[in-house]
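Both complexes shown next keep chain A, but they swap its partner, so chain B is in the first and chain C is in the second.
Let's look at the complex of A and B:
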């Protein structure tokens, strides 16, 4: 079974929120209707987002680092939001594993929000139905778009290629290879929800350099410098040239 | 024990009409609140994506739980054959149905899409405990409605015991289902416990009986009908037992949580008010434990207050308020406590709420919606006792008490 998912490389995410804005732009303009915003430029702004970038300061000053953590629906293989939905509005597609909400069947009881351990569910406060990332399902299968653009809007927008998209069940896919080779991990796997989205960890490369390694043993400059400082005895050719 | 007649109340007094008008205003206020939130969007309420169920749900769940408990008196009379409660059994069914109506009114009007109720009734996901609850609520109306009909209709009275047993089983299932809405939530620290279901059952006994006693005292006081101490004191001691039992369950619930290290954070949040939980901790200790449990127990069992109706009414009122505080602690505080997104890490601050405690303040429309549900319940009871003979004409000791000895 195909399981489409996002891979997010925390090592290169710079927290620019281009994925957030492109997601909002694409999905608010889509056939499912707008994603509401209230007080966007005032105190206490509120609105519906499929994708948010959380920024955390990790550690204590001065030993701190900033981690940008993009989070959207993780399209779990065992999504806890699906069985709790009283009307079956929340469902997982068999053909590609995307978890979706049928807006026409959602009664806005918000019980799925209680069940999702990742806090990925949001209510649209004007349409009053629950919303979440669709992996741009209206875009990835759109044959009127060039094949290179049949990806989620956030993936296309990311300037550092921190977001990748593909089938995590296909062992030969780029995303599976990244998970395998770069230590891709799931968010809280202990829940048993098997999130399809994976994160690539921040990587810190450290090497120990000894002092002598910084000195070039056969540096020709050493020789030149030595000779340069040698005092010149007697006159040389140019001392006598103009006589 | 003499035969007791059930009689309608006259319902023409200024006080009665004034009460209906006052309650009607609250119901109108609730409908207005719903329309306001519907029109402006839910962002005008105090709820957000962290506290998705707010004050209306506190009222709704309280009323639904109390509905099951209000049936106590009928159950004791039908299932356990206690004759003293028989005359009160029809009133018990009326209060139960009215409470459920009020609770469901709030619940439905607080849905994102109340207009899609028909969808909720035609598409069932049987894996969802929420869907099961819809069946349990609707079934409660049908079964308790039939039970009331059998009791009031002489030709069907012989079947009333069977209907009573069915209603008894169903009400236990209903409260189990309501408790399981929270018990089945594995994603949040405050829930995920099988004990939620029996705790809700015992809470229903306590809250529902307190509400029933208040209705009983108010209606007999208002109509001037005689109400003997035998019935009232039996109800008083029954309430005391239920308040004790509820407190016991609450203690065991928190002790169980304290035993598991993973829940320590939640417990210090509720019990000690750490991590921004001061408000919730105060509501727990002052509202749920002191005002809602300890004080009523003292008022019920204190020497010298045995026949004091005012003390009993005050104790019942405190149990009801304590019940609302319990629901606030369970529903709101449980959501306000942050979800464990990064195990082993302490999140001090984040950009979008993840890992941070949420402070909830209910908006006025939410309060009005909740109070509207209570008003709806009271209107139904007031109209019910006017239209049909739910209320015994007298509950004098000499008539109501089968063990009464003439002095």
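Let's look at the complex of A and C:
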């Protein structure tokens, strides 16, 4: 079974929000209609987004670290938002595990958004239906696009390659390998939702160097220097052993 | 959570309607077994069922304001296998139809013997009434389970939610039935229903206090550490991904101060429990209808405040991602 998902590498995300804008650009121009915006150029701009980048500060000055945290639908393997939907508008696709909303069936009761612990769903204030990340389902299967572009818009836009897309059920896929080898983790594992999207943690490029490693003990030059500058008084073990 | 008045009025109105119907039916059952005198020609059951139906319809109308696309509401019966909301959408019209049939039988005087077995005979209205009771209880369960089934809304995810929805509905319904019986001059029924209204109000005071106590010491499972997966005791948020707020900052926050919340709790603890209890105790023996009606109105206003508090107190785990609201 296929489970498409995004892998977000927090180690390289720089918080540029290119994924946010390209997501909005692609999805607001798509066949599902626009994504509402209110006051886009005035005070208190607000609107519908599938993807947002948040920023956290970890630690206390001066030992702080800024973590940019992109947040979108995690396409859970056990999505709590799906069974609560009274109309069946919210569903998980059998073939690729993408969680979608059928905008023609949604009655806008908001119950699914209450049932999502991640707050990944947003109601469109003008179309009055629930919206969320579709993993660019209208793009990834589009055969008119070159194969390299059959990826979600956010993945293509990311300048630092912090977003990767693939099948997390295929053990040999690039994303599965990354999850295994780079410590990919899920958000809020305590609720058993089993998010398909994984996050790769910050990784430290630290190396521990012990003092004795700085000086090469068996350096032959050292030996010569020592002999040259500091002749040993009397006989040493070597003198005797070569007789 | 942000309390929506559409849902507050839906749950309080249908609760009172369901409770009122249960009060009518219990009165009728007691009369059948000669534990209460008959109602004469007052048509207590018929008028009561009409009021109960009006309350249920009021709740239904109120719920429409919660929907983005009410014209598609018919679709919401589709997923009854998994969704408590879908089950409620089925249970509510079923209850309304059954209460309507029950009222119609009494108002049009259509009651007849539906079933006899030896000495025992069962009237048509009782038979319809039993169906309506089942539908009413199912509706209570569905309404409460909509909230109780979301396990990460830990303030709601408890059997106490179901118990409280049932008891609040029945308490207000029995209080209303007491006022109606008194208005129609049914002394014995006023005493009987008033006694039950007092008992239910006392019991729900205990169970609601239990849930308030539970919620006051609740330990939330999700933390900022589990939410973003970074193990550090000190994490603060610098940006939320939206400048002027978003659905996430509007839907899940009540936007009021802790003091406001506390005063709402105080108001409903006064209006739902002691005031109606005093008014009921004072008026059921002398049949003062005005006092009994005010007991119902005061309790209902208190229940609206209680429901507001119920929603506002629930702390959604997504709020962790919006620390600076």
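Quick note on the criterion: the second predicted complex is superposed on the first by the 207 of 243 C-alpha atoms of A that agree within 3 Å, B and C clash if a C-alpha of one lies under 4 Å from a C-alpha of the other, contacts with A are read in each partner's own complex, and residues count from 1 in each chain.
Just so we're on the same page, contacts are C-beta pairs under 8 Å (C-beta built on N, C-alpha and C of every residue); 3 or more make two chains touch, one makes a residue touch a chain.
Note that the structure is a prediction, hence the values are computed from the model and not measured.
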Room on chain A for both chain B and chain C (clash or fit): clash
Touching partner for A:45 - first (chain B), second (chain C), both, neither: second
Partner chain(s) touched by A:188 [first = chain B, second = chain C, both, neither]: both
When both partners are placed on the shared chain, which of chain B and chain C touches more of chain A: C
Touching partner for A:106 - first (chain B), second (chain C), both, neither: both
First (chain B), second (chain C), both or neither touched by A:20: second
Chain B versus chain C as contact partner of A:114, first or second or both or neither: both
Chain B versus chain C as contact partner of A:54, first or second or both or neither: both
Touched partner set for A:202, first chain B, second chain C, both or neither: second
Touching partner for A:30 - first (chain B), second (chain C), both, neither: neither
Chain B and chain C contact sites that coincide on chain A, given as residue numbers: 46, 52-58, 71, 80, 83-89, 105-111, 113-119, 121-123, 125, 128-129, 187-188, 190-191
Chain A-facing residues of chain B, complex: 38, 41-43, 48-50, 52-53, 111-114, 116-117, 119-120, 123-125, 127-131, 134, 181, 184-188, 335, 339-341, 343, 345, 347-354
Interface residues, chain C side, partner chain A - complex: 1, 66-70, 72-73, 75-79, 82-86, 89, 146, 149-153, 221-222, 226-230, 232, 234-248, 251-252, 316-319, 321-322
Chain C-touching residues of chain A, taken from the complex the two chains share: 20, 39, 43-49, 52-60, 66-67, 69, 71, 80, 82-89, 105-111, 113-119, 121-123, 125, 127-129, 185-191, 199, 201-202
In the complex with chain B, residue positions of chain A that touch it: 36, 38, 46, 52-58, 71, 80, 83-89, 104-111, 113-119, 121-123, 125-126, 128-130, 187-188, 190-191
